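Which chain is which? They are A, B, C and D, in the order written, and residues in each are numbered from 1.
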Amino acid sequence: MNFISDNQAGAHESVLAALTEANSGSSPGYGEDMLTAAAEGAVGAVFETDCQVFFVATGTAANALAMSALCPPWGAIYCHEGAHIQNDENTAVELLTGGARMVPIAGEAGKPDPQLMRAHITTATIHGVHNARPGAISLSNVSESGTVFSPDDIARYRAVADEFQLTLHMDGARFANAVVASGASPADLTWRSGIDCLSFGLTKNGGIAAEAVVMFDQDMAEQFAFRRKRAGHLWSKQRFLAAQWLALLTDDLWLANARHANAMAQKLAAGFAAHPSIELPWPVDANELFPVIPEHIRIRFRKAGLEFYDWPAQADMTRFVTHFATNSEEIERALAIIAGTA
Amino acid sequence: MNFISDNQAGAHESVLAALTEANSGSSPGYGEDMLTAAAEGAVGAVFETDCQVFFVATGTAANALAMSALCPPWGAIYCHEGAHIQNDENTAVELLTGGARMVPIAGEAGKPDPQLMRAHITTATIHGVHNARPGAISLSNVSESGTVFSPDDIARYRAVADEFQLTLHMDGARFANAVVASGASPADLTWRSGIDCLSFGLTKNGGIAAEAVVMFDQDMAEQFAFRRKRAGHLWSKQRFLAAQWLALLTDDLWLANARHANAMAQKLAAGFAAHPSIELPWPVDANELFPVIPEHIRIRFRKAGLEFYDWPAQADMTRFVTHFATNSEEIERALAIIAGTA
Amino acid sequence: MNFISDNQAGAHESVLAALTEANSGSSPGYGEDMLTAAAEGAVGAVFETDCQVFFVATGTAANALAMSALCPPWGAIYCHEGAHIQNDENTAVELLTGGARMVPIAGEAGKPDPQLMRAHITTATIHGVHNARPGAISLSNVSESGTVFSPDDIARYRAVADEFQLTLHMDGARFANAVVASGASPADLTWRSGIDCLSFGLTKNGGIAAEAVVMFDQDMAEQFAFRRKRAGHLWSKQRFLAAQWLALLTDDLWLANARHANAMAQKLAAGFAAHPSIELPWPVDANELFPVIPEHIRIRFRKAGLEFYDWPAQADMTRFVTHFATNSEEIERALAIIAGTA
Amino acid sequence: MNFISDNQAGAHESVLAALTEANSGSSPGYGEDMLTAAAEGAVGAVFETDCQVFFVATGTAANALAMSALCPPWGAIYCHEGAHIQNDENTAVELLTGGARMVPIAGEAGKPDPQLMRAHITTATIHGVHNARPGAISLSNVSESGTVFSPDDIARYRAVADEFQLTLHMDGARFANAVVASGASPADLTWRSGIDCLSFGLTKNGGIAAEAVVMFDQDMAEQFAFRRKRAGHLWSKQRFLAAQWLALLTDDLWLANARHANAMAQKLAAGFAAHPSIELPWPVDANELFPVIPEHIRIRFRKAGLEFYDWPAQADMTRFVTHFATNSEEIERALAIIAGTA
């Protein structure tokens, strides 16, 4: 019963089948192939708009390359203090932007406080050339606390961005889970609420290495192909990236996968909620749970076969993640362990 | 009959099978999985030594990351003026090294002239802080002209490197073809003849995205994991990179693939050699041919279905590449076209 | 009565005289001149040790270049949250280190809390390649709150550095004031208490553009000359940098200047302390004061001719700075205004 | 008799006087002072246009910062193969642009061949993301061979720039000498003939550290202040940079200085021309001479007290440079040595 991370799952069988299918015959390299064109079109269809799509293999690449187009090298990027881009991607942003600075902002349950953000930006703006110039805001949806931003939530950050002429980025490593959880359309959750650029990840949702930078602003996308290439992220056999996307977007498999993962998380949440000594300080909006579990219970859980992370955000906090391949049986067994009946 | 590039081929069926096999169950992420450990060990076995192995998805990433460990940001990197790392990887070296400079050196058939290289290095050394400090030499084996460096060839560059305390890198995007062509062992062709670091590529040889940085010097490898991570080249589901390597290294499939590709190139070479108006200025050592073909013949070839690149190195030059999946039938048809009998 | 900053003062007359003297005849360029050699030696004498000295024109250059030698591009640099290097030097550290990350640490009166620092470093270390690797600690002495670190204070950070194999840097933009205030020798205040590298500034202390990177560790200094050159900080006519240093170090003029500045600050401090509505939350150790002054009094002060900064660290806080050229008369007038008798 | 370089001269006495004058009283820091405003205005007057002026201390800083605004990090910069920016400024361009690439172009007497340049650019353009994207052309006026570009010369490069949408930069480390030599106005020699940005240097012409980036295009200048700051090139006491400019621009002292230097060079040139064994392969347009002198004569010259560089561009080549402080007496003595009468 591995609840450590959704990146510990394998790939959906449709993805593997798509690779085999993509393998027949020769094909132009470096993204000039027909599967890439088709997959780019499929992503555009998801968002109901013309957009520029750049496939890459990792979420860190997607985020850091996106920021390099959204923020100048002397810029500041505002994100939640617990964000993946801040804590889990080394200095990728610094490297690929040419030295922009991450500014972590506190806030409840993975959402940076807009007023606190505004205060930081105001101070930096007043300070002129002496401080990093406010450049961009990055939101993670699903957040690193497992919560989901609605279009209205996003619009609040767009207002800050507009006030100071910043760009607005979304780290969508679990974008599918956010779409399902919010009930909003991909378009409503992104460009219609003011997102300029999305890191769209399907690796955690059934892919092997399926990430994309989606640019809703044509000007920002200009020359992005050069950025991807020089960072070593343009595949020669790119059809094998594109094939994953086509497999997962076809018949909304990506949303079905996310729906399943979120549902499994709800079941688990109910189990934790029923436990007298376990608390869930943050809402379980999507496929991640952060129960606070006393140590002796954690020990018992692990002995019984539950695998999960200890989470540094607060004392005794843990993280459980479900995914497309989490099955009901696993959940039932986990619930029995949690309830103490197994 | 696509002879454009070996990266236009698909993947070997064993590689796809290995992905499917790798897919069962959950697995630690970010290279902590057992397949990665096994694949790293398999690479070590190929080279008959302890070495540090870092898997990445593209050859550009492998080359530029390697150079970042081999050369300081204020260093100069000497390579052949036609090298891939010089002409076909944008400014990846500059980005990932933090600003090192490529210094292209002329030389016959893809091999930089050692005396000319020595002269450049001497001038730069005399100039002290004012010029980029000589830092590294990079050789491509197979070279960008389709020729192969023997261990003795390599030793000549090692002597230059030793004279000026430089590091020595090999771009082995077609390393398998070089091993087969030279008859030397992988060890003899690398660390035993003085190579510090190899970009070892199997993408062109049956992989999907199978590249590795192989460090023969423990000190240079130190902290390389941080370099890979911050460039966005550490996969979360790295087992799917490792599986490709295991598939290709098992039972020396990689060498069989290369042997086949080289053999196909020899057949094609014989066909060109028999043609009264076509010249092959460079030896066909491996799986690439650079025939000089008058325009009207090129037109005829293309009409008949041959696909190949025009090559800018000299007037009327073209490039033909064979690969693991090039079949004898294709070659026969191509030969007939070349001979004018089809 | 300008108390805005010690960089609003001009240069000491000895410095100008030294420039004129340095001007006679021709001289080798790029630091190969005799004045540079003499000035480097004079700095070494100040620290009673062999050290490597690199003159530059700005404190930002000194700090960011120093960090580039002390911390890898994927490293984290721990400093006080109010430090100049964090808030007032844009993204110079990011640029010149190749992307290292500043990690601001809270702490009383300009001194980062060692326990909090240790906690941050521990978390990052556990997180391996995923987070910036702990690389260096930077202390400002005088701190950005006007307080001074004693050798014992510094040793506490050295202990943290040793525990995690970090380097230890001191931003000595007001090093002279710290030396005078602490009563410790320059050697005791730096390498003898564990400092690896000092940004030694005399611009604020009577120079025009007189900053130096002083490396106490020979290995770290290796190739630093290349770093300075490629950042555009090697002057062709470097004798004019060196001359400033010689003028200020001769007969300990730099210390006399600092002693005067500190004494002027003490007088001003007494004036503020006597005021019933003004508080000085931080000790006045050197030449900076941070009185908290109610708004109506600030307005009165400014109307009467006092010039000073509002300081963002807390509500109603201001900053007053004295310097070598602040004269007693100015202080008397200022005290009269503060006392309300002028 | 030091003819090694014009940066081995001291400063003009007016410059030193201006520093003393600038020293009185306190003054806002970081370029907010009145002298800076006046000096920026004086530069604008020289060019008869609104332009953005940024003072820095070194030519390397001016050049590399200029290129960072003129060329993207993935861009190629075309210059003469002998240019200072290519050979004598380490990897400053790479560092400050974030990784752009220098592409050296051959050409007669310091002037890159426009046709050769066009050929390089065409090849790179065709190659798309795979090669560095053509970004900028940089001309040195005076060139590194001592020759001068006229407005018509410059227009030929502007045509290339326009054809490929590149920017056009001039390295004017010896701009004064070029103005005097060409007889063209500063405006005609820059923006009127298509220059977008000038590195304007007066250090070699009587300054101490007097360089400026002059931007004729408002859009390119945007946010340049951030670039200068983060590279550590914004002085706190910038009035001392500005004062040098005001001293040298007042009453066209800069042009008088250059006129003198050029005249001294002409005298020396006549001396070399009269010598049966010495050749001057390049025209002596300004204040630099590159005589080819047989070794035994070089030895004799040096024994007699002449100081000069050996120049690597061709066998037996040397470089002699005159400057504002070269006096007629020195020239007479030098001529006597050359003629063999001393």
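What we mean here is this: contacts are C-beta pairs under 8 Å (C-beta built on N, C-alpha and C of every residue); 3 or more make two chains touch, one makes a residue touch a chain.
What you see is a predicted model, and the numbers here were worked out from it, not measured in a lab.
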Farthest chain relative to subunit B (centres taken as mean CA coordinates): C
C-D, B-D or B-C - pair sharing over half of the A-C contact pairs: B-D
Distance between chain centroids, defined by C-alpha means - subunit A, subunit B (Å): 34
Gap in Å, rounded to a whole number, between the CA centres of subunit D and subunit A: 50
Chain centre separation in whole Å, for subunit D relative to subunit B (CA means): 42
Overlap residues in subunit A, where contacts from two or more other chains coincide: 73-74, 89-91, 94-95, 98-99, 129-130, 133, 226, 229-230, 234
Residue numbers on subunit A that touch subunit D, as the complex places them: 30, 72-74, 98-99, 128-130, 133, 223, 225-230, 234
Touching residues on subunit A, where the partner in the complex is subunit B: 2, 4-5, 7-11, 13, 16, 19-20, 22-29, 56-62, 64-65, 89-92, 94-96, 203-204, 208-209, 226, 229-237, 240, 325
In the complex with subunit D, residue positions of subunit B that touch it: 73-75, 87-91, 94-95, 98-102, 123, 127, 129-133, 312
